[in-house]
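Let me begin by presenting the structure, written as structure tokens, before commenting on it.
Going by the order they are written in, the chains are A, B, C, D and E; count residues from 1 in each one.
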Amino acid sequence: MAVATLVALSLGACGEGPGGGADTSEPGSPIKVAFEVPLTGAFAANGLNQKNGFELGLDTFGREVDGHPIEVRYIDTKGDPATALTSARQIVQEGVTVFQGPLVSSESAAVTPYLAQQKVPVDDLTLCSEVQLDSWQKNGNGYSSGWSCDHPALMAAQWAYEDMGWRNITIAAQDFSFGWEVAGGFKAAFESLGGTVDQAIWVPLNATDVSSYVSQISQDTDAVYAEMSGVFAVRFIDAYKSYGLTGAIPLVGITQLTDQSVLPQLNRDAALGVMTGAQYCDGIDTPENEEFVAAYKEKFDLYPGYYSDAGYVKAQIMVEALKSLDGDYSDPEAIAEALQSVNIEAPRGPVEISDKTHSPVQNVYICEVQEIDGDLRNVPIKTFESVPPEGPLEYEEWEAHFRHDSAGRPE
Amino acid sequence: MITVDDVHTYRGLSYVLQGISLQAEDAQCTALLGRNGMGKTTLIETMMGLLSARDGDITLDGTSLRGKEPFQIAKRGVALVPQGRHVFSSLTVEENLTLAARGNGEPGAWTLERVYDLFPNLNRRRKNRGSDLSGGEQQMLAIGRAVMTNPRVLLMDEPSEGLAPVIVDKVGEVIRLLKQEGLCVFLVEQNYGLAIETADRLYVLAGGQVVWQGSPAELEAADDVRHLHLGV
Amino acid sequence: MSTHTPGAGAGVAGWQGLLARQQRWLMLLIGLVFLLIVSSYLYRGGFYGQLVTQMLIFAIAAMGVGFLGGYGGMVSLGQASFLGLGAYGVAVPMSDGADPWTAIVISLVVTLAVALLTGLLAVRVRGISFVIMTLALGQILFGLASSWVDLSGGDNGLIIPVAPTLGPLDLNDPIVLSFTVLVVFVLAVLALRTFVASPFGLALRGIKSNEQRLKTLGYATRLHLYISWVISVMFAGVAGILFVFTNGLITPTALDFGHNGIVTLMAVIGGLGTLWGPTVGAIVIMLFQNYLSLYFERWATVMGIVFVAVVIFAPEGLWGLVTKFARRLTRQKAARGQLGINEVPVGDAGAETESELPDPTTEKVQQ
Amino acid sequence: MTTSTASAVPPAPAAADGIALSVDDLGRHFAGVKAVEGVTLSVASGSRLGIIGPNGAGKTTFFNMLSGELKPTSGRIHLFGRDVTSLASHKRVALGLGRTYQITRVLRGMTVLENLAVATHGLSGSKLDLLRPWRRYSAKVEEAEALGASFGLRHRLNAYAEELSHGEVRQLEVCLALALKPKILLLDEPAAGLSPAERVDIRNLLNGLPKELTLVMIEHDMDVLRGAVDDIAVLHLGELVTRGSVAEIQRNELVRELYLGKRRQIDRTAGADPADSDGKAPHA
Amino acid sequence: MNQFIVQTLNGLTLAGIMFLVSSGFTLVFGVMRITNLAHGAIYLLGGYIAYSTIQLVGNFFVGVIVAGLAMALLGIVLERTLIKRMRGQVMAELLATLGLVYVMNDLALAVWGGDPLSLRLPGVLRESTTLPGGIIYPNGRMFILFLAVVIGLALYFLLRRTRVGAIVRAGVDNKAMVSAMGINVRLVFTMVFALGALLAGVGGALGGTVLSLAPNADAEILTFALIVVIVGGLGSFEGAVLGSLIVGLLSNYGQAYFPALAYFALFAPLVLVLLVRPQGLLGRTAA
């Protein structure tokens, strides 16, 4: 029995021939794109939005470059770093031209060293860890087209201190690296301006009951800054209302807090007036965005969320870059270089990849949940234009905090 | 009338009942005697359907009980007073009694009141849990519980076990009363005295087979049987 | 070896024959694994080599379950968590800058310490309560791994950048690593075989059969079970060390309920109380996870159904079926030459014969 | 780990008074039911005591307290002059106590030889040996084989215990107890469930036991007891009713009445809370 | 102080949900000696079914009832087709239910996806009430606590005051004798298994308003239930009440006051109980 299966395995292993880089020399041969994305698990909604955005982007910008069809294979990582790594190994062995994803920061941290070692061109969405930063700076094979994790938080801190005049703030964040980066960025910027973070509440990813964390928020803070996503965002905002905080203490958050991936599930009264520091809001008033929102709504009957925009931008950058290569996709280094040199006008505004951090220089918005034509929408109330990844901080100061926070909770 | 016809029963891998045939008449007490480990309890459990016979048949008034579940056999009118009493320890005395109550509506049927009349001790302790009773009270309860189903056949497995003589006398009285009411009482005993005094017909079991049958007087006379198979 | 007793000879020879056959199996298996690893690295850059390596690692952990459950009668549902403990035992010191060898030693010490401590609890309960307790222990380790962020990195897990080197052997080379795993696996099999054949193993089977009786034969049964628990946990710990170096990463999911169940499943599907059962189970389940999942999305459903079917229809497990068949053949051969040798029932004794009604508080735990 | 259980317990002092076992006012209650009450008796080294009494008299409960499987609710137990009342079973075994069970407790999933090998390792440090195959302990294996052979199991050494006949299981049960070379042996109904022919085997087996072995034996069958024991203690309703030589007990009218169930009025506090069946607590 | 009261109320709500789940588990164990490891999966499935029902008919209470009934039905099917085949083999039953966990979770994944879902309470239950002392507390949680108490009392009445309850308790004492009294124990078993599943299903529907419904939520709740029954005593109804209170409160206080040690707060009672009273606080002598 054991022997039989081993033999079968061994035949399977030998039968499919040598692996390695994708062979794209033949005319009409496919460009192999691997897309790791969580389609199940806690991050599934984000993953699905991103996939939808990517599909719409391919529809818009083309599924074929110079006669080579773009062949996308989506791999469900379940939000689990170990799965992401195992799948990455498997798919890279089978040959890949461009690697997209993964989405979750811990997945990126797991996959990045392997992809760097294999010199695979990769666009992994968000820059959240020291591992990525080091790897991009050293190998240049990858970048994050979405944003660096703390980017919107840095500007939200500046806005909170300067525009709103808040001095004491409570932070509530999910207890994982994305949460650490976001909360740490907010804290670093807010404190460097002179403010105080009086309480930090960390919600474990496996928390059974989010509202028991909400009930820990003290009544005498100026405002709450929240990093919550998916069902945690829904629970958090609901609990915020039911424990009597809505209307009493302003709630500001990361993009995901009121992103369209959760907004329809929110209690209307609880959601109205919640503000976010965001790199994309569905209510951005530009032709690019209006076109994108209309197309997205037509195709999926939903308003696009930030992850939809991110998927769309990924496709836009990739197609533009591939076009610049004149049909030669044999050199991973050239592909990586091309991907990072594209400057585009995206729904979220102009996007340019920074040489220092390999993450975007782009607009950051402060948005507010408003009701427009009976729908809840995120509407920009302030725009910071073409902000570098370090935001209001000095670059060295930013890099120090960034490296520190990606390894553990900020103090 | 309950008839056991060439019954073979295994317990796990051991072949315990090796072809037993016997018969218990209505309004009589039929007793089965034998040493420890000879298969007496196995026979009772087979009759009640708690163990299934590999071969042979058991009939109640001509209807086969083969393959019937214990509760079906009980519903047909067979009741069990098990060895070790096994009263429901977490139930009160009254709950123990009413649990299986199946009044047949006839005058003279067993009711809670009649059981309490017969065993006044139980009446006094009716709110106590089964586990709080003494051994004798538990035996009374086990008998009371069995008759509350208004059975036609009563199987009793060593009702004298571990009881003071005066309680054993009480058991004897109850058996005689039930006989008078027309019940078919099938008694498995080690207590030679109780069996001799209450039974109308006796069987002796050894090595999974019936080795002797007869009346009490015949057994009193059969010294060799008593000595060899009963150690008496 | 005293086989002079007439009549006993056939049985013993049959048993030895079986052992000899098992040794041939072992050689064959190792040879095949060798071939497989080499060919997969040559042709596919290591993915299948990786898969085989993972199979062997999980087989080691499952052997721990098989040892305690199959021979001692105590089925653990926390083995993956102890595997995770071994892995974190390496990963935590290494992320604080320890060198790999130091980390391995720390991991072994930590796992041993936890095994010694939890053993005190483990030997206090039996049967179902034991299973539940191991499950709870596993969930607690899982909870610690995900919530003790400062140490474990939370849900991100910890990444291991380098594996140790030993003279010319660099475990950073995946082929070398795979063969190291193979060597450890063979050692684990030999250890298990030795343990089972020893007086200790004999007593353990006795405890499974009737613990009370062993006590009145002079055995401090809790001591035996305690030692077995520690051995079982150490199998998981060693597997965890190999796991973290092979994977380069350990995350809390590796310790969760699903993984705990899967390791137990490996031991049960393969056959509790058999030498090769856990390995067979590990191969089958890893194939389900990595191979069937390519073609059939609902592979977990199939795995669950297969598992339930094995529990119902082949409680001795897949390898148990094979040995049962082999033993029956041996017996038939023997029976031709000898008189009066019955077919040997394989597996556990039935419930003890008791001359009274079944009593729920004394019901035997069977499996 | 290296200290075996045997050496963990100091060797039993030779009982100066020549008493192997003594119990003093021993009692055990199960949730209000008295299974054993106020039993006091002693057994001289090398002597043989039979215990009789009807079912439910508390005999097995009494044995379970002697072997340490049940804790007494009152009273003390001394083994070879040492108070063992709260000593664990396996430590009493180390002091030289062996026992058999009424409901046999052989190791069913193992062969006869394996059963016996487990027993022969029972009191030696080798039981914790993880490395050397038990079959290579040739002295122990030979001892096990010899023991089996001397009690009629020579041809059944490789049979699984669950394949044995009733009588063979009884023999194995006694062999297991003897493998520990006990100084005192408790036998719980060794003849229960045996055919007349098998009873003869058991009687021969008992007669073949070493003379210096102290024996306490529960048995219903006076034929088995006759010639096997020096005197007999009678338990009834958990209490020690009388004790005397086999002949005395057979003559004793009270015993005949109790034991044979031919009751007339007996001069005892009738109606005293009787005991539950042997060794089984009502479910508390 | 107010903070403490809120945390206590939160802990009690959690205890209420744990009680619903663990009482079903302990009931099935007590009567049938079945360790149903799929109990958590039934909880989760109940939550999912409530979710879909509410989506469909728009009424929360219909969702809860449908979830309970659907799980009871599933319980009947499982008992009749699967458990029946392994009567009395406790370890086989346990392992088979472990296999079921994978099947049920995988099928739930296929139907409801891996995205965490949450149930929305209707109307006034979504509001808050200001309690004496100025504490604002969500009505929904008070409602869940209330419902758990009501269901608990109903169960107590069923078990202690009715003939059916007497049969169930008698079944715990001695199944064979109940059968010999002319009662169809098989039917009782099926009903008890169905009741256990019903409680888990209702627990899932109510729990889904506070806790997320997602893959792995089943393991989480199963762990809670197991710790509750180990602490309270396997098979003991009163033990489930006591254990739920202890575990619910400790778990919540742990999260609120010692977040890093929250898991130790669960571990501590388990270890203490195992060391001092392995059969659980209100359990009978260990089997």
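Details
The rule is simple: a contact is a pair of C-beta atoms (placed from the backbone, for glycine too) under 8 Å apart; a residue touches a chain by one contact, two chains touch by 3 or more.
Keep in mind that this is a model prediction, so the values were computed, not measured.
Considering every other chain in turn, the ones in contact with both subunit A and subunit E prove to be C. Graph distance from subunit C to subunit D, where chains that touch are one step apart, equals 1. For subunit E, the chain whose average C-alpha position is most distant is D. Of all chains, B has its CA centroid at the greatest distance from the CA centroid of subunit C. One finds 42 Å separating the Cα centroids of subunit B and subunit E. Each chain gets a centre from the mean of its Cα atoms; for subunit A and subunit B, those two points are 77 Å apart.
Taking each chain's centre as the average of its CA atoms, subunit C and subunit E sit 32 Å apart. For this pair, subunit B with subunit C, the centres built from the Cα atoms lie 50 Å apart.
Within subunit B, the positions touching two or more other chains are listed as 12-14, 36-37, 50, 82-84, 86, 89-90, 130.
Along subunit E, residues 109, 172-174, 176-177, 216, 259, 262, 284-285 each make contact with two or more other chains. Among the residues of subunit A, those in touch with two or more other chains are 202, 204, 206. Put simply, subunit B touches subunit E in their complex at residues 48-50, 69-71, 74-75, 79-80, 82, 86, 88-91, 95-96, 98-100, 102, 130, 145, 149. Within the complex formed with subunit C, the residues of subunit D that make contact are 1, 5-6, 67-69, 88-90, 93-94, 98-99, 101, 103, 105-111, 113-115, 117-119, 121-123, 126-138, 140-142, 145, 149, 154-155, 157-163, 176-177, 179-180, 277, 280, 283. On the subunit D side of its complex with subunit B, the touching residues are 31-33, 54-58, 102, 162-163, 166, 189, 192-196, 220-223, 237, 258, 260-263, 265-266, 268, 270-278, 280, 282-284. Of all the residues in subunit E, the ones that touch subunit B in their complex are 163, 166-167, 169-170, 172-174, 176-186. Put simply, subunit C touches subunit D in their complex at residues 1-2, 5-8, 11-12, 194-195, 197-203, 205-206, 208-210, 212-221, 223-224, 227, 342, 344-345, 347-350, 352-356, 359, 361.
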